[in-house]
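Please see the structure below; I have some questions.
Going by the order they are written in, the chains are A, B, C and D; count residues from 1 in each one.
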Amino acid sequence: MAMSSFDALIQDLVIANRILANEDVVDAYGHVSVRHPDNPRHFLIARSVAPELVTTEDIVELDLDGQPVRDEKRTLYLERFIHAAIFEARPDVMAVVHAHAEDTLAFGVADATKLRPVIHSGSFIGTEVPVWDIADNFGDTNLLVTNMEQGRDLAKRLGVNNVALMRGHGFASAGRTLIEVVRMSVYLPRNARTLMRAKQLGGTIKYLSQGEIDARNRGYSPYSTETWRAWEYWASKAGCGHMLTRPDDEGTRTLRG
Amino acid sequence: MAMSSFDALIQDLVIANRILANEDVVDAYGHVSVRHPDNPRHFLIARSVAPELVTTEDIVELDLDGQPVRDEKRTLYLERFIHAAIFEARPDVMAVVHAHAEDTLAFGVADATKLRPVIHSGSFIGTEVPVWDIADNFGDTNLLVTNMEQGRDLAKRLGVNNVALMRGHGFASAGRTLIEVVRMSVYLPRNARTLMRAKQLGGTIKYLSQGEIDARNRGYSPYSTETWRAWEYWASKAGCGHMLTRPDDEGTRTLRG
Amino acid sequence: MAMSSFDALIQDLVIANRILANEDVVDAYGHVSVRHPDNPRHFLIARSVAPELVTTEDIVELDLDGQPVRDEKRTLYLERFIHAAIFEARPDVMAVVHAHAEDTLAFGVADATKLRPVIHSGSFIGTEVPVWDIADNFGDTNLLVTNMEQGRDLAKRLGVNNVALMRGHGFASAGRTLIEVVRMSVYLPRNARTLMRAKQLGGTIKYLSQGEIDARNRGYSPYSTETWRAWEYWASKAGCGHMLTRPDDEGTRTLRG
Amino acid sequence: MAMSSFDALIQDLVIANRILANEDVVDAYGHVSVRHPDNPRHFLIARSVAPELVTTEDIVELDLDGQPVRDEKRTLYLERFIHAAIFEARPDVMAVVHAHAEDTLAFGVADATKLRPVIHSGSFIGTEVPVWDIADNFGDTNLLVTNMEQGRDLAKRLGVNNVALMRGHGFASAGRTLIEVVRMSVYLPRNARTLMRAKQLGGTIKYLSQGEIDARNRGYSPYSTETWRAWEYWASKAGCGHMLTRPDDEGTRTLRG
């Protein structure tokens, strides 16, 4: 019996959670969501639980105000408004990650070095990575994005970019598919580390050119063999290779974001 | 049959030991203690054994002079006086960690950069992290806190703060619950690393403001879903998820510090 | 029944893939190849799959234009032209690695510090490690080597050296045997890290002298006890110790590159 | 049936190998030896095999010229002369480690920062850590210590100290017991990392005073509870906790170095 494309998407969301945990992008905190394939004003995300422990039963459906669509007794992520606000502001975005990956944090805290792509796998973060400071418009807070107003302020700072750093906190990234946003979030800290080391080595740093960033972006295809290769590998390392839905099932593939 | 709240606390202390080992906060050395729930002049801590190997049988009960309450043939931690002295000086403190987490050490050794919160998960270390140097009052020692006089000197330097660095040695942290002190001790090295990297990147560093630190502190609740999420995740990673006492058992929860 | 030397070579290639993955030289991306022992104009490499997941069934035979020798429906590595072009240009080379090992990347991006051997295990990278920038002759690309023209340009920059860094991308290394190229690729990032740290410590850096590099190179023998020791250890750590062909089987050994 | 003290020592030597591998002090290369308890002109060391793979059958007995005492067909470590020469020069030394632990290497390569104890667990490396450069007396070599003349030159540079760095290569450390030399070798890289980070943080660095180093050294006892705690923990992590000989077996303990 074939798995429905919706069930396959739920499984992919579980895989995404596990990959992000296993690749040290998230720890107890951080989350990943995907827009509902049949209703663009809804999205899917886990209830409040550490990503490594997420199962299909933990996935809930929220609307673009961050409210659960169905009766839900379980606690939700405090910061689900990051996802709601980005999905609201950016119809092109199908998947969102919020995380505190350690090696990105310094770039939101020190102002002398802008985070920009220096390696080809970092190209997907895009030319500009804005830094959002919650204090600019909300003063002294606990730094968490706990309502739609804060979420919308972050989404506004993100603008048309793929990643925004959040000062003293982490980052939000937005992609055209789950696989893209996971990959971007895995390579973001690697790009950050490479840039830090390049600064230490000194001299002139050669960033990716705008033309290179564009060329890589044009070549991206969510279910290409190359993209799948990483997804399959990371899922396998995270212990959920058995949950993979093969992309050669064309029917399923085209239905999925 | 329900587990008593005291037995649950002992298990939590074992979990705390395992988490600190698994998160690289302690290695063969370092320890964690909790104040006795029924007798504030006693506290619970393991006998002299590496935290990763601690079981419920290893927990002993000591008084505020660091002496065992019952006949005890097994060797105790040489530095149990750190715990005794902090519990003595700070009635508000319910749990203490002493550790040598590597990435905190440089801040106790070099004097140009003060360790302060730069990330939201580091806020619990508080505005001020004093550095205690055992040599100031005790001259040339083996750097270990091996009696109450040294322990009290450290507790005095800690003052009303949550963490004190110990020059050339490690740190002591103090919390309102076991979960809080473990979390603080896990995120302390992460905050330290972020600050080191920010210094390397250069420019002005934006620390958390006093208002932000206060806002985060006000929002803290030891058995909130968010706090529990990390505890559950770390315990699970450390291989002792099966020892967790669910916080939805209200009777147990309110009895525990 | 004795394994043929060709089958043993295929197994060695699988082992090489797994070692490179386990030692963090490759992740989902990166590949290793070996020249065909009976036909120097062919080489063996995996189909497009993450190195950690490679099995003997994944190995395909390509010619020096990077084209499959037999009917092949499975997708091939986009960058197989790196291997084809180096085998074409360098008859002395029997094995090639292309990878993105993180700690080598900064040296291709910052121009103030040249990557050179500072530790004895890094000596095999050779006196000179040229940096190839695909943009010099091909302008704005996706940075991947996707045809023979680009591959040949890289091979030309590699010249008679053992390693070329690829700006913003990774490196290509070339050896006289599979074991040599794997070892070189494992120690290349370690040499890079040591050099970075030495720069931070400051003062004059003592690189290996030309005489030392030559002396080490003269002493190298692919199946010496010392070389085998590392191969056996890495294979064992990567979980494929059972696939090792013992070098004391002299017949097999001399037939293999 | 009680294990003889000699057999227990052999097992301790196997444990030492495994601990050093598991703690990343050695990889495929590096070795540890112990002086023969009944014949101070002999010592015990593994045949040429990666430390992680060493078993009791791999241990061989060598004399102070580095030659095997019994008929031995198996290949020996090329650099066994490091051990022979240090045992020859230093009657007080009962155990020797030679390793390439990565974070020590930069201190042998850059001349601006001397490696000295900054943390209490690093005190055992002693006040002075000389750097030996094989090139000073032997010119261009492959950097390996492959004969007694080179070994003696290294031992001379080591002098009365506990550790000598070997430029571009690694270090040699010497202790009064196996447990001491293992512990010193594990904490040496940690001390090196702390010092590197302290240099980055800037300002004045507070090293351990001579009085502190002396106080720690006086307090050291090879089978104290504190020392055993680390040995037990590391052995347990390295998967050979079952091979531990309990130190409470007094007869065995006093017979062992």
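Quick notes on this one:
Following the convention adopted for this analysis, a contact is a pair of C-beta atoms (placed from the backbone, for glycine too) under 8 Å apart; a residue touches a chain by one contact, two chains touch by 3 or more.
All of these numbers come straight from a predicted model, not from anything done at the bench.
Number of steps on the shortest path from chain A to chain C, with steps defined by chain touch: 1. Counting the residue numbers that touch the partner chain, chain A and chain B have less than half of them in common. Ranked by separation of Cα centres from chain C, the top chain is B.
With each centre defined as the average position of its C-alpha atoms, the distance from chain B to chain C rounds to 46 Å.
Rounded to a whole number, the gap between the C-alpha centres of chain C and chain D is 33 angstrom.
For chain A, the set of residues that touch two or more other chains comprises 199-200. Which chains touch which is summed up as A-B, A-C, B-D, C-D.
By the touch criterion stated above, chain A contacts chain B in their complex at residues 27-29, 48-50, 52-53, 75, 78, 100, 102-103, 105-107, 109-113, 133, 135, 139-144, 167-169, 196, 199-200. Partner chain C is touched in their complex by these residues of chain A: 118-121, 123, 190, 193-195, 197-206, 208-212, 214-216, 218-219, 225-226, 229-230, 232-234, 236-237.
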